[in-house]
Amino acid sequence: MVNLINSKNKFKKVPGILFGLLAVVCIFSITTPYFFTLNNFINILEQASILVIASFAMTLTILLGKIDMSIGSIMSLTGVVTGLMIHNGMPVWISVFLGVVAGALLGMFNGYLISYQGFDFWIVTFSSMGIIQSLALVITNGATVPGFGNDFRFLGDGSLFGLPVIVLIASGITILLVFLTLRTTFGSNVYSVGGSEQISKYAGINTEAIVFKTYILSGILAGIAGIVLASKVNSASPIAGSGYEFDAIAATLIGGTPFEGGRGGIVGTLIGALIIAILMNGLNLYGFTPPIQFTLIGFIIVLIIIIDVLNEKYKAKKWGK
Amino acid sequence: MASNNIKLLIKYARFFILILLFSGFSLLSPHFLTFQNQMNILAQAALLSMVSYGMTLAIVTGGIDLSMGSVLALSSCIAASFLKSGNIIGGILIGLIIGFLCGSINGLSITKIGLSPFIATYGMDWVARGLAYVYMGGTQIYGFSAVFRFLGSGQFLGVPALIYEMAIMTIVLVFVTYKTIYGRNIYATGSNKTATRLSGVNTDKIIISIYSINGLLSAIVGLLYISRLNAAEAVIGTDFTLNSIAATLIGGTPFSGGEGGVAQTFIGAVIMTLLTNGMNILGISSYWQNAVVGFVILFSLFIEKTGKVLSEKRFESVSKTSINA
Amino acid sequence: MSIKNDVILRLENITKEFPGVLALDRVSLEVKQGEVHVLLGENGAGKSTLMKILCGVYKKDGGKIFIDNKEVTINGVKDAEKLGIGIIHQEFNLLPFRDIAQNIYLGKEPRKNLKLVDVIDRSVMYKKCRELLDSLEININEYALVKDLGVAQKQMVEIAKALSSEVKILIMDEPTATLTKNEIDKLFNIILQLKAKGVSIIYISHRLEEIKIIGDRVTVLRDGKYIGTVEVCDTSTDELVKMMVGRKIENLYTRTYNKIGKEALRVEGLTLNKRIRDVSFKIHEGEIVGFYGLVGAGRTEVAKTVFGEYKPDKGSIYVFGRKLSKLTPTEAVKNKIGLLPEDRKEEGLNIKMSVKQNIVQASLKKVFPSGILKEELELEISKKYIKELNIATPDAHKIVKNLSGGNQQKVVLAKWLLTESDIIIFDEPTRGIDVGAKAEIYEIMDELAKKGRAIMMISSDIKEIMGLTDRIYVMYQGKIVAEFDHQNYNQEKIISFAIGKGEKHG
Amino acid sequence: GSKSQQANDASKSEKKKVVMILKNLVNPTWQAVKKGGEDAAAKLGVELTVLAPLKADNNEEQIRQVEDSITKKVDAIILVPADTKGIIPAVEKANAAGIPIINVNTKVGGGKTETFVAVENYDAASKVAEALAKKMGEKGKVIILEGKAGAQSAIDLKNGAVDTFKKYPNINVVASQTANWNRAEAMQVTQNLLQAHPDINAIFASNDEMAMGAVEAVNQAGLTGKIMIAGLDANKDAIQAIKEGKMTLTCDKKSYDQGYQGVEAAFKILNNEPVDERIVVETTIVDENNVDQYLQQ
């Protein structure tokens, strides 16, 4: 029986998947000589950063009990938009800003149709995924936007205080989002709407506005991810972001935010994204070819989740549910 | 009368879009409305629609199956090596068994372990694809016997074999889902699993069987696919997953489960194929194709919503008069 | 208890229409300051709808609302809150994965004074929450997640939620449906305190005996129409019932005690990881056996374990002397056991599906002879039950979601009647159901017993369980602590066993 | 402990560690490059690891693999970039780490590379288009099947073909659509295009996979022999199809040689032997004249 009288049940908020992360780290540390080094950890963080930001975009919408399938396309489009503007002589910071605005607008498009028109979120974001992808291809005529100057590259490739800027950006966003989701009314409302839209409505929360704003935020985050990606690879391909939506969903689910929404959160997703990045890093260090990597990643993801699910079941059983 | 029309409009919104597209393309291009081209469209829709039926079944039960494309690849690659050695029956059987097994594993990990369908099938997607790569080692198997090739590229009475196969599959699945106990239980499970289980239905069995059927469908489509193309390799079928989700959504089966169905998905698959065909014929840049599909989906949402609003208005005024009377 | 005579709230000619239903037809209502105004009516009479209009959840189609004699417009929940209207909804409105404080202050969290974003002042929130819970004598940790609470605890949290802001008018839509005696007493105390402070309370309940205890005046609705308002002290229960259902209900509890047949169900030593311990009992043909206990005593667990939904750690179940080897709901249904679960919407119904589809769900073989659907048969069978059970629905194709609670319960009942089960388990069959429908359900249960069916009835309503059963098992903390025969029913004794105070016997 | 372990590894194995990063491993071309590389490595005593992005042709993943290889302190990297421009940051990192880069197949657009084992897609496509144009008698209507929209090699191949056809005033490119490198899609697109343009003379496919899709479509339309079909890669089934007269020509990009020469160049560089800045691998057009020679291989 849960002690309902005087448990502060705070420790329960540590996502169980943390153990999955530790397990993966341990295994790779023991079996590959190059894994457990400071350099490699920085390397992993750097590699995870973009996925982390993209996954946050996904997590917010999943917390709402919805989804955003258009994240990858938004990444491609914002990267391309920013890149084209830089090449057309716009100052870098304005281009970056406008790229983020583009992300926000696309998020707004999704959010408007879902919240104010009441359309199904799967269908809307799935459609916009195709539409936005097409836009990116059309405005570049399919070609990659070539390299940039050093000021733009600083975002994705520079370093500050000995740390990659990209890691600092991802960390900053993480802290902001943790604060936003756990300490502000907006964040609380996101969880509530995810828990039940009707209950939230009955509590006087403007659920439409919350959904709308969350999709804008998701668009902004996807936009940032796309821009940072363009900076990191020093070019903007119109298909750069495709496929990220599935990795982002995987990171979110591994991190313990279920599709039903209303629970889980940013920290779990951070861990989920790190697990994915570490897996890819470790398997590269082993030198496995893609066929083997494919098989192993599938197995490991499922294994981690199975352990997590069984652990939950065990806990539930212990408490007599 | 008018209210009936509007109700019909909502119910068949997707169908009207199909007709709209059909008439549009017919007007825009003289090459569209030929017997040959219509046969083309249906034959092209065949494989997509069959995979989409599986996706639809998973979605109706409240799940999703992201592994269909990869299971298709794995089963048909392994089958191909048998087919190549001349053992047609054996090859087909092996392919079906592998598909079925992959699907059953999905179903078991969803029901018995309690994984979310997304994760279970996402994992299977990686694994099956990986195994297909490992098995093929980057090679291709090509050149099958004429008998086997008939399945995917033959013609009978001037109509491609694929169209017959699609017709049979559609009829069987429509019948099973709308007319049998099993079908009823699929919908019940999707609409409320607990209540259905508490009505004495073994919902785990329903879900396992659905994913197993999906595996089987993937394998069938895989076999037809390699028969049609006369070659098998590990990459095949990657687009099927997203396209089948698109066909299901265009058809109007919602992700919430318990609603929609195979017949709607048939319309969805035909709309998708028609779009590509029409755009190819009109020479519209391939860059636009995704956008057009997206806009068509959104457009159908608007039609549906407008229809609903209109019909509710009518409904209300009708009920008002009846209450006052 | 002084009731001031100022009218604080006046509703005039409120009208509300849903597609196909005129839920409220020019309903008027006057509530005085500091009174407990009971709203009475059958299921679907429009009580909840009227209250939802008052608290801003629904928009009215016509009519006016006056507060303190000034006309007000209520366009949303926030408007109602500003006017001092609070509500405890009929259904739980708690988010399972958020903690108590977060639920209580949902949408009105204390904020820190920051310009840029609204930051929740957590320390204030949890402190205020603790104080609120203490003032209501609710002994739960403010950090506990709602999903870990029992039904009664949830209801108390709902009450705290309604009282967390200053209210002048408090609406309680069936607050006692899930409470037991103790908590009901606690609730009534709270109501008295509020009254003393001049708060007006609109109280909805299907438990007529409560009206006498707590109510001042009663307004009755029927079919969305206003019937009348009366003083509680001048009106007998029979008169109220007549106003409600438009006829007199002669005898609420119909029960013809039959000759008891052979043993239908025997349960031996059932144990389920700490929730139920060593439970053994028997039910015979033609017998209605009651299970009484506090909420959380484990009655539902017993029912669901017998039905195969939970896997027991120990114990065996015998149906007509035959031991069940496999315990799953499918097996249970095969062995002709039926279960009306306590949570209709989550466990009893496919609310997205139609009335007819729900009715036939547990006996699909009947409408799918040789596995293929016969639509005429399905329609015919469901029409028969709609008529027999008096289910208020325009037709058999209607989606169950849009039926009222009582009618939904009848659909579940129809489902199990159709299976012709030998053993039927009723878990809280009349929770939230009006007297008229209750009487009908009792009649059906009696009918079933007459036909020799064995019935297990779980109820928290001591009157109904005593009025209807042959025997009662009392449960306390997962164990059967006493057994009574209907000849020696004694309300006090039964309750004292249920709260763990009964002397050791039985 | 990892430092000393590394030292041990180094002293134990004299073998040089070389990593080869390909665009993907799902296409026979890259499998052949891999095979060539492995054979060379076996012969020269080089420890070769072959990596490729899991998402085929994913540029960012390739960058990660370069980064991971730097972490692993390999001695040389053989790189086939998925994106000419997008790979530059990784090349620069390798430069900074002092790891030599041997560029193969697709040109790296910046940074320092030791050598380029060159088979430019653009050039190969031009060569195929040229040969096709000759066979068409320098006149007629052509359809182009492109690779995946937005992918570097798709763009290069398409441009190579388009620019070449432009040189012939009587050759008309009537349609150009993507079929995503994919046989099934190529078949479908070809079927559709044949409806609008039943009078075409030739199809240029950016790889043999798509060419084979076109072969199937043309075959089903009963137009085999009436429409010329050209592809690239010299896959086995394409060669078979040329032999059977279903396909007109393809281009042997000597994938095996690319891999082999890449490793050979790496070996030389690591032993401080000189290598040319550009190692040209001659491509060959395969058509009915030399197909038998290929069939024997």
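Here the chain labels run A, B, C and D in written order, and each chain numbers its own residues starting at 1.
Definition applied: contacts are C-beta pairs under 8 Å (C-beta built on N, C-alpha and C of every residue); 3 or more make two chains touch, one makes a residue touch a chain.
Bear in mind the structure is a predicted one, so any value in this text is a computation, not a measurement.
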item: Shared interface partners, meaning chains that touch chain A and chain C; value: B
item: Reference chain A; chain at largest CA-centroid distance; value: C
item: Distance from chain C to chain B - Cα centre to Cα centre, in angstrom; value: 43
item: Between chain D and chain C, distance of the C-alpha-averaged centres to the nearest whole Å; value: 70
item: Between chain B and chain D, centroid-to-centroid distance (C-alpha), Å; value: 34
item: Inter-chain centre distance, chain A versus chain B - centres from mean C-alpha coordinates, in Å; value: 29
item: Multi-chain contact residues (two or more partners), chain D; value: 25-26, 149
item: Multi-partner residues of chain A (each touching 2 or more other chains); value: 137, 142, 290-291, 293-294, 297
item: Sequence positions of chain B contacting 2 or more other chains; value: 133, 137, 234, 287
item: Pairwise touch network: line, ring, star, complete, or other; value: other
item: Interchain contacts (touch definition) - all pairs; value: A-B, A-C, A-D, B-C, B-D
item: Footprint of chain A on chain B - complex, ascending; value: 66, 109, 113-116, 118-120, 122-131, 133-134, 137, 234, 245-246, 249, 254-255, 285, 287-295, 297-298, 301, 305
item: Residue ranges of chain B touching chain C (in the complex, touch as defined); value: 178-182, 184-185, 187-188, 191-192, 194-202, 258-259, 312, 315-316, 319-320, 323
item: Parts of chain A lying in touch with chain C, wherever the complex brings them together; value: 1-10, 180, 183-186, 188-189, 191-192, 195-196, 198-205, 262-263, 317, 320
item: Contact footprint of chain D on chain A as seen in their complex; value: 33-34, 36-37, 39-40, 43, 46-47, 50, 136-137, 140, 142-144, 146-147, 153, 156-157, 229, 232-235, 237-240, 243, 280-281, 284-285, 287, 289-291, 293-294, 297
item: Interfacial residue positions of chain C with respect to chain B in the complex; value: 17, 19-22, 307, 309, 328-330, 332-334, 339, 341, 346-353, 357, 361-362, 364-365, 368, 371-373, 415, 419
